[in-house]
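One structure is given here, and the rest of the page talks about it.
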Amino acid sequence: MSQRPYRVDVPLRWSDMDAYGHVNNVQFLRYLEDARVIGFQEWFGQDRSLLSEGVIVARHEIEYLAPLDFRHAPISVGMWATKVSGSSFSLAYEVRDPAEVGVVLYARAETMLVAYDFVSATPRRLRLDERTVLQGVSGDPVPFRWRERTS
Amino acid sequence: MSQRPYRVDVPLRWSDMDAYGHVNNVQFLRYLEDARVIGFQEWFGQDRSLLSEGVIVARHEIEYLAPLDFRHAPISVGMWATKVSGSSFSLAYEVRDPAEVGVVLYARAETMLVAYDFVSATPRRLRLDERTVLQGVSGDPVPFRWRERTS
Amino acid sequence: MSQRPYRVDVPLRWSDMDAYGHVNNVQFLRYLEDARVIGFQEWFGQDRSLLSEGVIVARHEIEYLAPLDFRHAPISVGMWATKVSGSSFSLAYEVRDPAEVGVVLYARAETMLVAYDFVSATPRRLRLDERTVLQGVSGDPVPFRWRERTS
Amino acid sequence: MSQRPYRVDVPLRWSDMDAYGHVNNVQFLRYLEDARVIGFQEWFGQDRSLLSEGVIVARHEIEYLAPLDFRHAPISVGMWATKVSGSSFSLAYEVRDPAEVGVVLYARAETMLVAYDFVSATPRRLRLDERTVLQGVSGDPVPFRWRERTS
(Lines give C-alpha, C1' and ligand atoms only; values in the text may rest on other atoms or scores of the structure.)
Protein backbone atom coordinates (compact mmCIF):
# COMPACT_ATOMS: atom_id res chain seq x y z
CA MET A 1 0.00 0.00 0.00
CA SER A 2 1.36 3.35 -0.95
CA GLN A 3 0.00 5.04 2.15
CA ARG A 4 -0.26 4.20 5.81
CA PRO A 5 -3.64 2.85 6.88
CA TYR A 6 -6.00 4.99 8.88
CA ARG A 7 -5.64 3.91 12.52
CA VAL A 8 -8.29 3.81 15.25
CA ASP A 9 -7.63 2.90 18.87
CA VAL A 10 -10.35 0.59 20.21
CA PRO A 11 -10.56 -0.09 23.96
CA LEU A 12 -10.98 -3.63 25.26
CA ARG A 13 -13.48 -4.67 27.89
CA TRP A 14 -12.81 -7.20 30.61
CA SER A 15 -15.89 -9.09 29.44
CA ASP A 16 -14.33 -9.61 25.99
CA MET A 17 -12.47 -12.53 27.53
CA ASP A 18 -14.11 -15.93 27.41
CA ALA A 19 -13.75 -18.94 29.70
CA TYR A 20 -10.28 -19.63 28.23
CA GLY A 21 -9.08 -16.28 29.59
CA HIS A 22 -8.31 -14.77 26.18
CA VAL A 23 -10.27 -12.25 24.15
CA ASN A 24 -12.94 -14.31 22.42
CA ASN A 25 -12.60 -14.61 18.65
CA VAL A 26 -16.08 -13.19 18.07
CA GLN A 27 -15.25 -10.01 19.99
CA PHE A 28 -12.66 -9.14 17.35
CA LEU A 29 -15.58 -8.51 14.99
CA ARG A 30 -16.93 -6.08 17.60
CA TYR A 31 -13.62 -4.23 17.51
CA LEU A 32 -13.91 -3.97 13.73
CA GLU A 33 -17.45 -2.64 14.10
CA ASP A 34 -16.26 0.01 16.53
CA ALA A 35 -13.37 0.91 14.24
CA ARG A 36 -15.81 1.37 11.35
CA VAL A 37 -18.14 3.56 13.42
CA ILE A 38 -15.25 5.83 14.44
CA GLY A 39 -13.54 5.73 11.06
CA PHE A 40 -16.64 6.39 8.97
CA GLN A 41 -17.46 9.46 10.98
CA GLU A 42 -14.02 10.87 10.23
CA TRP A 43 -14.03 9.80 6.59
CA PHE A 44 -17.56 10.77 5.66
CA GLY A 45 -18.39 13.43 8.23
CA GLN A 46 -20.94 13.42 10.97
CA ASP A 47 -23.78 14.77 8.87
CA ARG A 48 -23.65 12.43 5.93
CA SER A 49 -22.24 9.33 7.51
CA LEU A 50 -22.30 6.25 5.33
CA LEU A 51 -23.51 4.44 8.43
CA SER A 52 -26.65 6.53 8.77
CA GLU A 53 -27.25 6.80 5.05
CA GLY A 54 -26.84 3.12 5.05
CA VAL A 55 -24.46 0.28 4.50
CA ILE A 56 -25.03 -3.36 5.33
CA VAL A 57 -22.41 -5.97 6.05
CA ALA A 58 -22.40 -8.61 3.32
CA ARG A 59 -19.31 -10.59 4.25
CA HIS A 60 -16.51 -10.94 6.80
CA GLU A 61 -13.24 -12.77 6.54
CA ILE A 62 -10.85 -12.81 9.48
CA GLU A 63 -7.65 -14.61 10.40
CA TYR A 64 -6.40 -14.83 13.97
CA LEU A 65 -2.62 -14.61 14.23
CA ALA A 66 -1.89 -14.26 17.96
CA PRO A 67 -3.90 -14.61 21.19
CA LEU A 68 -4.96 -11.35 22.80
CA ASP A 69 -5.33 -11.05 26.57
CA PHE A 70 -7.27 -8.31 28.29
CA ARG A 71 -5.19 -5.28 29.19
CA HIS A 72 -5.92 -1.64 29.85
CA ALA A 73 -4.20 -0.51 26.65
CA PRO A 74 -6.43 -0.40 23.57
CA ILE A 75 -5.73 -2.27 20.36
CA SER A 76 -5.05 -0.33 17.20
CA VAL A 77 -7.15 -1.11 14.14
CA GLY A 78 -5.63 -0.06 10.82
CA MET A 79 -8.27 0.28 8.15
CA TRP A 80 -8.30 0.90 4.39
CA ALA A 81 -10.50 0.27 1.35
CA THR A 82 -9.55 -2.62 -0.92
CA LYS A 83 -12.25 -2.58 -3.56
CA VAL A 84 -14.76 0.03 -4.58
CA SER A 85 -17.43 -1.02 -7.04
CA GLY A 86 -20.79 0.38 -8.08
CA SER A 87 -22.73 -0.32 -4.93
CA SER A 88 -20.28 -2.06 -2.63
CA PHE A 89 -16.78 -1.80 -1.24
CA SER A 90 -14.45 -3.81 0.95
CA LEU A 91 -12.61 -2.64 4.02
CA ALA A 92 -9.36 -4.26 5.11
CA TYR A 93 -8.15 -4.25 8.70
CA GLU A 94 -5.05 -5.03 10.70
CA VAL A 95 -5.52 -5.43 14.46
CA ARG A 96 -2.23 -4.55 16.18
CA ASP A 97 -0.74 -3.27 19.37
CA PRO A 98 -0.51 0.52 19.36
CA ALA A 99 3.07 1.53 18.58
CA GLU A 100 3.76 2.61 22.19
CA VAL A 101 2.53 -0.73 23.56
CA GLY A 102 4.07 -3.43 21.40
CA VAL A 103 4.49 -4.92 17.96
CA VAL A 104 2.09 -7.86 17.89
CA LEU A 105 -0.24 -8.35 14.93
CA TYR A 106 -3.35 -10.10 16.28
CA ALA A 107 -5.60 -10.39 13.26
CA ARG A 108 -6.17 -9.51 9.63
CA ALA A 109 -9.67 -9.10 8.31
CA GLU A 110 -11.82 -7.84 5.49
CA THR A 111 -15.46 -6.77 5.39
CA MET A 112 -17.57 -6.34 2.28
CA LEU A 113 -20.17 -3.59 2.69
CA VAL A 114 -23.10 -2.85 0.41
CA ALA A 115 -24.52 0.66 0.17
CA TYR A 116 -28.15 0.48 1.12
CA ASP A 117 -31.22 2.66 1.01
CA PHE A 118 -33.11 1.87 4.20
CA VAL A 119 -36.24 3.70 3.02
CA SER A 120 -36.71 1.57 -0.10
CA ALA A 121 -34.90 -1.42 1.48
CA THR A 122 -32.79 -1.96 -1.61
CA PRO A 123 -29.10 -1.63 -2.47
CA ARG A 124 -28.15 1.74 -3.90
CA ARG A 125 -25.20 3.06 -5.89
CA LEU A 126 -22.37 4.68 -3.99
CA ARG A 127 -22.55 8.45 -4.33
CA LEU A 128 -19.68 10.22 -6.07
CA ASP A 129 -18.49 11.85 -2.84
CA GLU A 130 -18.49 8.45 -1.14
CA ARG A 131 -16.42 6.91 -3.93
CA THR A 132 -13.97 9.79 -3.77
CA VAL A 133 -13.47 9.33 -0.05
CA LEU A 134 -13.00 5.58 -0.43
CA GLN A 135 -10.52 5.95 -3.27
CA GLY A 136 -8.54 8.30 -1.04
CA VAL A 137 -8.13 5.59 1.57
CA SER A 138 -7.61 2.68 -0.82
CA GLY A 139 -4.77 0.25 -0.30
CA ASP A 140 -3.36 -3.18 -1.01
CA PRO A 141 -5.21 -6.50 -0.84
CA VAL A 142 -5.11 -8.28 2.51
CA PRO A 143 -2.29 -10.86 2.59
CA PHE A 144 -4.47 -13.63 4.02
CA ARG A 145 -2.48 -16.68 4.97
CA TRP A 146 -5.09 -19.41 4.93
CA ARG A 147 -7.53 -18.49 2.19
CA GLU A 148 -5.81 -20.77 -0.33
CA ARG A 149 -6.02 -23.72 2.02
CA THR A 150 -9.80 -23.37 2.25
CA SER A 151 -12.35 -24.89 -0.06
CA MET B 1 -22.50 -33.38 -0.31
CA SER B 2 -23.48 -36.99 -0.21
CA GLN B 3 -25.11 -36.68 3.19
CA ARG B 4 -27.33 -34.21 4.95
CA PRO B 5 -25.49 -31.84 7.28
CA TYR B 6 -25.74 -32.26 11.01
CA ARG B 7 -28.33 -29.71 12.23
CA VAL B 8 -28.41 -27.80 15.52
CA ASP B 9 -31.21 -25.48 16.60
CA VAL B 10 -29.82 -22.31 18.16
CA PRO B 11 -32.17 -19.94 20.03
CA LEU B 12 -32.06 -16.20 19.39
CA ARG B 13 -32.00 -13.56 22.09
CA TRP B 14 -33.83 -10.27 21.92
CA SER B 15 -30.52 -8.54 22.58
CA ASP B 16 -29.04 -10.01 19.38
CA MET B 17 -30.77 -7.18 17.56
CA ASP B 18 -28.87 -3.96 17.09
CA ALA B 19 -30.08 -0.39 16.68
CA TYR B 20 -31.25 -1.19 13.13
CA GLY B 21 -33.74 -3.70 14.56
CA HIS B 22 -32.17 -6.74 12.87
CA VAL B 23 -29.95 -9.44 14.32
CA ASN B 24 -26.49 -7.89 14.31
CA ASN B 25 -24.01 -9.45 11.89
CA VAL B 26 -21.52 -10.22 14.69
CA GLN B 27 -24.11 -12.24 16.61
CA PHE B 28 -24.21 -14.75 13.75
CA LEU B 29 -20.70 -15.78 14.84
CA ARG B 30 -22.12 -16.38 18.32
CA TYR B 31 -24.70 -18.70 16.78
CA LEU B 32 -21.90 -20.62 15.06
CA GLU B 33 -20.03 -20.85 18.38
CA ASP B 34 -23.10 -22.26 20.08
CA ALA B 35 -23.64 -24.70 17.22
CA ARG B 36 -20.05 -25.94 17.59
CA VAL B 37 -20.39 -26.37 21.35
CA ILE B 38 -23.53 -28.46 20.91
CA GLY B 39 -22.31 -30.31 17.84
CA PHE B 40 -18.87 -31.18 19.20
CA GLN B 41 -20.38 -32.73 22.28
CA GLU B 42 -22.48 -35.01 20.10
CA TRP B 43 -19.70 -35.75 17.63
CA PHE B 44 -16.84 -36.29 20.06
CA GLY B 45 -18.65 -37.25 23.25
CA GLN B 46 -18.85 -35.45 26.53
CA ASP B 47 -15.70 -36.99 28.00
CA ARG B 48 -13.25 -36.37 25.23
CA SER B 49 -14.65 -33.24 23.67
CA LEU B 50 -12.46 -31.55 21.11
CA LEU B 51 -13.43 -28.33 22.82
CA SER B 52 -11.97 -29.31 26.18
CA GLU B 53 -9.00 -31.14 24.70
CA GLY B 54 -8.53 -28.03 22.73
CA VAL B 55 -9.13 -26.33 19.45
CA ILE B 56 -8.57 -22.69 18.63
CA VAL B 57 -10.30 -20.65 15.98
CA ALA B 58 -7.83 -19.65 13.27
CA ARG B 59 -10.16 -18.16 10.69
CA HIS B 60 -13.78 -17.26 9.95
CA GLU B 61 -15.44 -16.49 6.66
CA ILE B 62 -19.11 -15.60 6.54
CA GLU B 63 -21.56 -14.32 3.96
CA TYR B 64 -24.87 -12.73 4.90
CA LEU B 65 -27.66 -13.60 2.49
CA ALA B 66 -30.85 -12.32 4.15
CA PRO B 67 -31.69 -10.11 7.14
CA LEU B 68 -32.79 -11.95 10.26
CA ASP B 69 -35.25 -10.40 12.70
CA PHE B 70 -35.73 -11.55 16.26
CA ARG B 71 -38.42 -14.18 16.68
CA HIS B 72 -39.15 -16.86 19.24
CA ALA B 73 -38.30 -19.68 16.82
CA PRO B 74 -34.64 -20.72 16.76
CA ILE B 75 -32.45 -20.74 13.69
CA SER B 76 -31.12 -24.03 12.39
CA VAL B 77 -27.37 -24.32 11.84
CA GLY B 78 -26.30 -27.06 9.47
CA MET B 79 -22.68 -28.05 10.04
CA TRP B 80 -20.16 -30.32 8.31
CA ALA B 81 -16.40 -30.71 7.92
CA THR B 82 -14.83 -29.45 4.68
CA LYS B 83 -11.14 -30.15 5.17
CA VAL B 84 -9.28 -32.35 7.60
CA SER B 85 -5.50 -32.01 7.66
CA GLY B 86 -2.79 -33.00 10.12
CA SER B 87 -3.55 -30.53 12.86
CA SER B 88 -6.47 -28.48 11.58
CA PHE B 89 -9.86 -28.80 10.00
CA SER B 90 -12.57 -26.55 8.62
CA LEU B 91 -16.22 -26.52 9.52
CA ALA B 92 -18.86 -25.32 7.08
CA TYR B 93 -22.21 -23.91 8.17
CA GLU B 94 -25.55 -22.97 6.71
CA VAL B 95 -27.80 -20.79 8.89
CA ARG B 96 -31.41 -21.44 7.90
CA ASP B 97 -34.95 -21.38 9.16
CA PRO B 98 -35.88 -24.70 10.75
CA ALA B 99 -37.98 -26.69 8.28
CA GLU B 100 -41.21 -26.11 10.25
CA VAL B 101 -40.65 -22.33 10.32
CA GLY B 102 -39.60 -21.34 6.81
CA VAL B 103 -37.15 -21.73 3.96
CA VAL B 104 -34.86 -18.71 4.26
CA LEU B 105 -31.08 -19.16 4.08
CA TYR B 106 -29.57 -16.37 6.19
CA ALA B 107 -25.85 -17.05 6.00
CA ARG B 108 -23.10 -19.37 4.85
CA ALA B 109 -19.88 -19.60 6.78
CA GLU B 110 -16.69 -21.54 7.36
CA THR B 111 -14.38 -21.74 10.37
CA MET B 112 -10.84 -23.11 10.36
CA LEU B 113 -9.95 -24.74 13.67
CA VAL B 114 -6.51 -25.81 14.85
CA ALA B 115 -6.12 -28.66 17.33
CA TYR B 116 -4.29 -27.28 20.32
CA ASP B 117 -2.57 -28.58 23.42
CA PHE B 118 -3.39 -26.03 26.11
CA VAL B 119 -0.81 -27.49 28.52
CA SER B 120 2.14 -26.99 26.20
CA ALA B 121 0.42 -24.07 24.40
CA THR B 122 1.28 -25.47 20.98
CA PRO B 123 -0.69 -26.93 18.06
CA ARG B 124 -1.03 -30.70 18.19
CA ARG B 125 -1.90 -33.38 15.64
CA LEU B 126 -5.51 -34.49 15.42
CA ARG B 127 -5.94 -37.85 17.11
CA LEU B 128 -7.02 -40.79 14.97
CA ASP B 129 -10.45 -40.95 16.61
CA GLU B 130 -10.94 -37.22 15.97
CA ARG B 131 -10.04 -37.63 12.30
CA THR B 132 -12.42 -40.56 11.98
CA VAL B 133 -15.28 -38.54 13.43
CA LEU B 134 -14.54 -35.57 11.18
CA GLN B 135 -14.31 -37.73 8.05
CA GLY B 136 -17.71 -39.16 8.96
CA VAL B 137 -19.26 -35.68 8.83
CA SER B 138 -17.33 -34.39 5.82
CA GLY B 139 -19.11 -32.67 2.98
CA ASP B 140 -18.84 -30.34 0.02
CA PRO B 141 -17.02 -27.00 -0.12
CA VAL B 142 -19.08 -23.94 0.81
CA PRO B 143 -20.51 -22.27 -2.31
CA PHE B 144 -19.45 -18.77 -1.28
CA ARG B 145 -20.84 -16.12 -3.57
CA TRP B 146 -18.45 -13.23 -3.01
CA ARG B 147 -15.06 -14.77 -2.36
CA GLU B 148 -13.98 -14.33 -5.99
CA ARG B 149 -14.87 -10.68 -5.92
CA THR B 150 -12.55 -10.06 -2.96
CA SER B 151 -8.87 -9.26 -3.16
CA MET C 1 -47.63 -16.39 47.01
CA SER C 2 -50.93 -18.07 46.57
CA GLN C 3 -50.09 -19.30 43.08
CA ARG C 4 -47.06 -20.81 41.39
CA PRO C 5 -44.99 -18.30 39.41
CA TYR C 6 -45.09 -18.34 35.64
CA ARG C 7 -41.98 -20.24 34.46
CA VAL C 8 -39.87 -19.64 31.36
CA ASP C 9 -36.94 -21.81 30.29
CA VAL C 10 -34.04 -19.67 29.09
CA PRO C 11 -31.10 -21.31 27.26
CA LEU C 12 -27.53 -20.48 28.23
CA ARG C 13 -24.79 -19.65 25.77
CA TRP C 14 -21.19 -20.77 26.09
CA SER C 15 -20.17 -17.12 25.81
CA ASP C 16 -22.14 -16.26 28.96
CA MET C 17 -19.13 -17.49 30.90
CA ASP C 18 -16.43 -15.00 31.77
CA ALA C 19 -12.72 -15.49 32.40
CA TYR C 20 -13.49 -17.09 35.78
CA GLY C 21 -15.31 -19.92 33.99
CA HIS C 22 -18.73 -19.17 35.51
CA VAL C 23 -21.73 -17.44 33.99
CA ASN C 24 -20.97 -13.74 34.37
CA ASN C 25 -23.18 -11.84 36.80
CA VAL C 26 -24.26 -9.35 34.12
CA GLN C 27 -25.54 -12.13 31.87
CA PHE C 28 -28.17 -12.98 34.49
CA LEU C 29 -29.84 -9.68 33.57
CA ARG C 30 -29.89 -10.91 29.95
CA TYR C 31 -31.72 -14.03 31.11
CA LEU C 32 -34.29 -11.84 32.85
CA GLU C 33 -34.69 -9.79 29.67
CA ASP C 34 -35.29 -12.94 27.64
CA ALA C 35 -37.75 -14.20 30.26
CA ARG C 36 -39.69 -10.93 30.02
CA VAL C 37 -39.79 -11.03 26.22
CA ILE C 38 -41.18 -14.57 26.28
CA GLY C 39 -43.45 -14.01 29.25
CA PHE C 40 -44.95 -10.73 28.07
CA GLN C 41 -45.91 -12.24 24.76
CA GLU C 42 -47.85 -14.97 26.60
CA TRP C 43 -49.34 -12.60 29.17
CA PHE C 44 -50.29 -9.73 26.91
CA GLY C 45 -50.63 -11.42 23.54
CA GLN C 46 -48.62 -10.96 20.42
CA ASP C 47 -50.69 -8.11 19.03
CA ARG C 48 -50.76 -5.77 21.97
CA SER C 49 -47.53 -6.65 23.69
CA LEU C 50 -46.53 -4.39 26.54
CA LEU C 51 -43.05 -4.51 25.07
CA SER C 52 -44.09 -3.03 21.74
CA GLU C 53 -46.61 -0.65 23.25
CA GLY C 54 -43.83 0.34 25.50
CA VAL C 55 -42.27 -0.19 28.87
CA ILE C 56 -38.91 1.03 30.02
CA VAL C 57 -36.73 -0.45 32.72
CA ALA C 58 -36.47 1.93 35.67
CA ARG C 59 -34.69 -0.24 38.20
CA HIS C 60 -33.10 -3.65 38.78
CA GLU C 61 -32.22 -5.39 41.99
CA ILE C 62 -30.57 -8.79 41.94
CA GLU C 63 -28.98 -11.13 44.45
CA TYR C 64 -26.66 -13.95 43.42
CA LEU C 65 -27.07 -17.06 45.55
CA ALA C 66 -25.04 -19.76 43.80
CA PRO C 67 -22.51 -19.86 40.95
CA LEU C 68 -23.85 -21.06 37.61
CA ASP C 69 -21.65 -22.93 35.15
CA PHE C 70 -22.43 -23.34 31.49
CA ARG C 71 -24.39 -26.47 30.68
CA HIS C 72 -26.67 -27.54 27.86
CA ALA C 73 -29.77 -27.51 30.09
CA PRO C 74 -31.58 -24.15 30.30
CA ILE C 75 -32.26 -22.29 33.50
CA SER C 76 -35.83 -21.77 34.60
CA VAL C 77 -36.95 -18.22 35.37
CA GLY C 78 -40.02 -17.93 37.59
CA MET C 79 -41.70 -14.57 37.18
CA TRP C 80 -44.57 -12.71 38.87
CA ALA C 81 -45.77 -9.16 39.47
CA THR C 82 -45.12 -7.63 42.90
CA LYS C 83 -46.54 -4.15 42.59
CA VAL C 84 -48.92 -2.58 40.12
CA SER C 85 -49.38 1.17 40.37
CA GLY C 86 -50.75 3.83 38.02
CA SER C 87 -48.02 3.81 35.46
CA SER C 88 -45.48 1.30 36.70
CA PHE C 89 -45.18 -2.24 38.02
CA SER C 90 -42.49 -4.50 39.39
CA LEU C 91 -41.62 -7.98 38.25
CA ALA C 92 -40.06 -10.51 40.60
CA TYR C 93 -37.91 -13.39 39.42
CA GLU C 94 -36.37 -16.59 40.71
CA VAL C 95 -33.63 -18.14 38.59
CA ARG C 96 -33.56 -21.90 39.25
CA ASP C 97 -32.65 -25.22 37.77
CA PRO C 98 -35.58 -26.69 35.84
CA ALA C 99 -37.25 -29.36 38.00
CA GLU C 100 -35.84 -32.21 35.90
CA VAL C 101 -32.28 -30.89 36.17
CA GLY C 102 -31.78 -29.93 39.80
CA VAL C 103 -32.87 -27.87 42.77
CA VAL C 104 -30.40 -24.99 42.89
CA LEU C 105 -31.66 -21.42 43.27
CA TYR C 106 -29.13 -19.17 41.51
CA ALA C 107 -30.59 -15.71 41.90
CA ARG C 108 -33.51 -13.61 43.03
CA ALA C 109 -34.29 -10.34 41.30
CA GLU C 110 -36.81 -7.60 40.80
CA THR C 111 -37.31 -5.13 37.95
CA MET C 112 -39.39 -1.97 38.07
CA LEU C 113 -40.94 -1.16 34.70
CA VAL C 114 -42.63 2.07 33.66
CA ALA C 115 -45.32 2.07 30.99
CA TYR C 116 -44.18 4.38 28.25
CA ASP C 117 -45.57 6.05 25.18
CA PHE C 118 -42.73 6.02 22.67
CA VAL C 119 -44.53 8.42 20.34
CA SER C 120 -44.83 11.21 22.88
CA ALA C 121 -41.75 10.00 24.81
CA THR C 122 -43.55 10.25 28.13
CA PRO C 123 -44.74 7.80 30.78
CA ARG C 124 -48.34 6.69 30.31
CA ARG C 125 -50.93 5.07 32.57
CA LEU C 126 -51.26 1.30 32.45
CA ARG C 127 -54.34 0.32 30.46
CA LEU C 128 -57.11 -1.53 32.26
CA ASP C 129 -56.42 -4.76 30.37
CA GLU C 130 -52.73 -4.51 31.29
CA ARG C 131 -53.58 -4.03 34.97
CA THR C 132 -55.94 -6.99 34.88
CA VAL C 133 -53.27 -9.24 33.41
CA LEU C 134 -50.69 -8.10 35.95
CA GLN C 135 -53.05 -8.59 38.88
CA GLY C 136 -53.66 -12.11 37.66
CA VAL C 137 -49.95 -12.92 37.96
CA SER C 138 -49.31 -11.02 41.19
CA GLY C 139 -47.44 -12.62 44.04
CA ASP C 140 -45.43 -12.11 47.20
CA PRO C 141 -42.58 -9.65 47.74
CA VAL C 142 -39.10 -10.96 46.94
CA PRO C 143 -37.37 -12.27 50.09
CA PHE C 144 -34.12 -10.42 49.43
CA ARG C 145 -31.40 -11.42 51.84
CA TRP C 146 -29.07 -8.44 51.68
CA ARG C 147 -31.24 -5.41 51.13
CA GLU C 148 -31.27 -4.58 54.84
CA ARG C 149 -27.52 -4.67 55.01
CA THR C 150 -27.23 -2.04 52.30
CA SER C 151 -27.26 1.71 52.80
CA MET D 1 -19.92 12.56 51.01
CA SER D 2 -17.00 14.45 52.36
CA GLN D 3 -14.85 13.77 49.34
CA ARG D 4 -15.34 13.66 45.60
CA PRO D 5 -15.87 10.16 44.20
CA TYR D 6 -13.15 8.47 42.21
CA ARG D 7 -14.03 8.90 38.51
CA VAL D 8 -13.40 6.51 35.64
CA ASP D 9 -14.17 7.26 31.99
CA VAL D 10 -15.75 4.25 30.30
CA PRO D 11 -16.10 4.21 26.49
CA LEU D 12 -19.38 3.18 24.88
CA ARG D 13 -19.68 0.75 22.01
CA TRP D 14 -22.11 1.10 19.14
CA SER D 15 -23.38 -2.39 19.94
CA ASP D 16 -24.45 -1.26 23.42
CA MET D 17 -27.59 0.06 21.77
CA ASP D 18 -30.56 -2.25 21.50
CA ALA D 19 -33.41 -2.33 19.00
CA TYR D 20 -34.93 0.78 20.63
CA GLY D 21 -31.84 2.76 19.64
CA HIS D 22 -30.75 3.55 23.21
CA VAL D 23 -28.00 2.00 25.30
CA ASN D 24 -29.56 -1.18 26.68
CA ASN D 25 -30.18 -1.22 30.42
CA VAL D 26 -28.08 -4.37 30.88
CA GLN D 27 -25.04 -2.74 29.29
CA PHE D 28 -24.93 -0.26 32.16
CA LEU D 29 -23.84 -3.17 34.35
CA ARG D 30 -21.00 -3.77 31.88
CA TYR D 31 -19.93 -0.16 32.35
CA LEU D 32 -19.87 -0.70 36.11
CA GLU D 33 -17.78 -3.84 35.62
CA ASP D 34 -15.29 -1.94 33.50
CA ALA D 35 -15.18 0.87 36.06
CA ARG D 36 -14.40 -1.66 38.81
CA VAL D 37 -11.64 -3.29 36.77
CA ILE D 38 -9.99 0.07 36.15
CA GLY D 39 -10.65 1.45 39.64
CA PHE D 40 -9.51 -1.61 41.55
CA GLN D 41 -6.20 -1.62 39.76
CA GLU D 42 -5.61 1.98 40.86
CA TRP D 43 -6.91 1.45 44.38
CA PHE D 44 -5.27 -1.87 45.16
CA GLY D 45 -2.32 -1.90 42.79
CA GLN D 46 -1.58 -4.16 39.91
CA ASP D 47 0.17 -6.83 41.94
CA ARG D 48 -2.33 -7.41 44.69
CA SER D 49 -5.54 -6.56 42.93
CA LEU D 50 -8.69 -7.42 44.80
CA LEU D 51 -9.94 -8.74 41.49
CA SER D 52 -7.19 -11.34 41.13
CA GLU D 53 -7.10 -12.17 44.83
CA GLY D 54 -10.77 -12.55 44.48
CA VAL D 55 -14.10 -10.87 44.96
CA ILE D 56 -17.45 -12.12 43.78
CA VAL D 57 -20.52 -10.05 43.01
CA ALA D 58 -23.27 -10.81 45.51
CA ARG D 59 -25.80 -8.14 44.63
CA HIS D 60 -26.57 -5.27 42.24
CA GLU D 61 -29.07 -2.48 42.57
CA ILE D 62 -29.43 0.08 39.80
CA GLU D 63 -31.79 2.91 38.96
CA TYR D 64 -32.04 4.38 35.48
CA LEU D 65 -32.60 8.13 35.48
CA ALA D 66 -32.18 9.22 31.86
CA PRO D 67 -31.87 7.46 28.49
CA LEU D 68 -28.36 7.24 27.08
CA ASP D 69 -27.71 7.26 23.35
CA PHE D 70 -24.53 6.08 21.71
CA ARG D 71 -21.96 8.82 21.20
CA HIS D 72 -18.20 8.91 20.81
CA ALA D 73 -17.69 10.55 24.20
CA PRO D 74 -17.31 8.16 27.14
CA ILE D 75 -19.50 8.16 30.21
CA SER D 76 -17.96 8.96 33.56
CA VAL D 77 -18.50 6.52 36.41
CA GLY D 78 -18.03 7.94 39.89
CA MET D 79 -17.31 5.22 42.42
CA TRP D 80 -16.94 5.02 46.21
CA ALA D 81 -17.31 2.48 49.02
CA THR D 82 -20.49 2.62 51.11
CA LYS D 83 -20.05 -0.24 53.55
CA VAL D 84 -17.03 -2.23 54.61
CA SER D 85 -17.68 -5.25 56.79
CA GLY D 86 -15.66 -8.34 57.72
CA SER D 87 -15.69 -10.09 54.40
CA SER D 88 -17.75 -7.86 52.13
CA PHE D 89 -18.15 -4.29 51.00
CA SER D 90 -20.46 -2.27 48.81
CA LEU D 91 -19.52 0.02 45.97
CA ALA D 92 -21.69 2.96 44.97
CA TYR D 93 -21.71 4.44 41.48
CA GLU D 94 -23.00 7.45 39.63
CA VAL D 95 -23.03 7.23 35.83
CA ARG D 96 -22.76 10.76 34.42
CA ASP D 97 -21.62 12.75 31.44
CA PRO D 98 -17.98 13.75 31.78
CA ALA D 99 -17.80 17.39 32.88
CA GLU D 100 -16.65 18.57 29.45
CA VAL D 101 -19.55 16.81 27.70
CA GLY D 102 -22.65 17.56 29.75
CA VAL D 103 -24.43 17.38 33.06
CA VAL D 104 -26.80 14.44 32.72
CA LEU D 105 -26.98 11.80 35.47
CA TYR D 106 -27.92 8.53 33.77
CA ALA D 107 -27.94 6.03 36.61
CA ARG D 108 -27.20 5.35 40.24
CA ALA D 109 -26.14 1.91 41.36
CA GLU D 110 -24.64 -0.16 44.13
CA THR D 111 -22.82 -3.50 44.07
CA MET D 112 -22.16 -5.71 47.07
CA LEU D 113 -18.92 -7.65 46.72
CA VAL D 114 -17.72 -10.54 48.84
CA ALA D 115 -14.01 -11.22 49.31
CA TYR D 116 -13.34 -14.71 48.09
CA ASP D 117 -10.58 -17.27 48.18
CA PHE D 118 -10.73 -19.01 44.81
CA VAL D 119 -8.36 -21.78 45.93
CA SER D 120 -10.55 -22.93 48.81
CA ALA D 121 -13.73 -21.67 47.10
CA THR D 122 -14.93 -19.96 50.28
CA PRO D 123 -15.45 -16.37 51.41
CA ARG D 124 -12.45 -14.88 53.18
CA ARG D 125 -11.96 -11.89 55.47
CA LEU D 126 -10.84 -8.63 53.90
CA ARG D 127 -7.16 -8.05 54.57
CA LEU D 128 -6.15 -5.04 56.64
CA ASP D 129 -4.62 -3.26 53.65
CA GLU D 130 -7.80 -3.84 51.66
CA ARG D 131 -9.93 -2.38 54.46
CA THR D 132 -7.64 0.63 54.71
CA VAL D 133 -7.93 1.32 51.00
CA LEU D 134 -11.72 0.98 51.08
CA GLN D 135 -12.09 3.24 54.10
CA GLY D 136 -10.06 5.85 52.25
CA VAL D 137 -12.60 5.89 49.42
CA SER D 138 -15.73 5.62 51.57
CA GLY D 139 -18.67 7.92 51.06
CA ASP D 140 -22.36 8.52 51.56
CA PRO D 141 -25.18 6.05 50.99
CA VAL D 142 -26.71 6.06 47.51
CA PRO D 143 -29.83 8.27 47.38
CA PHE D 144 -31.96 5.69 45.59
CA ARG D 145 -35.30 7.09 44.52
CA TRP D 146 -37.39 3.95 44.16
CA ARG D 147 -36.17 1.55 46.80
CA GLU D 148 -38.92 2.55 49.21
CA ARG D 149 -41.59 1.92 46.63
CA THR D 150 -40.41 -1.65 46.15
CA SER D 151 -41.46 -4.69 48.17
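Here the chain labels run A, B, C and D in written order, and each chain numbers its own residues starting at 1.
Heads up, the rule we're going with is that contacts are C-beta pairs under 8 Å (C-beta built on N, C-alpha and C of every residue); 3 or more make two chains touch, one makes a residue touch a chain.
Keep in mind it's a predicted model, so treat the numbers as computed, not measured.
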item: From subunit B, the most remote chain by mean C-alpha position; value: D
item: Same-site or different-site touching of subunit A by its copy subunit D, using the half cut; value: same
item: Of B-D and C-D, pair with higher C-beta contact tally; value: C-D
item: Chain centre separation in whole Å, for subunit D relative to subunit A (CA means); value: 32
item: Rounded Å distance between subunit C and subunit D, as computed from the means of their C-alpha atoms; value: 22
item: Mean-CA-position distance for subunit D and subunit B (Å); value: 37
item: Residues within subunit C bordering two or more other chains; value: 14-15, 26, 30, 33
item: Complex contact set, residues of subunit D against subunit C; value: 20, 25-26, 29-30, 33, 56-64, 67, 82-83, 85, 90, 92, 110, 112, 118, 141-142, 144, 146-147, 149-151
item: Parts of subunit D lying in touch with subunit A, wherever the complex brings them together; value: 11, 13-15, 30, 33-34, 37-38, 41, 72
item: Contact footprint of subunit B on subunit D as seen in their complex; value: 14-15, 17-19, 21, 24, 26, 70
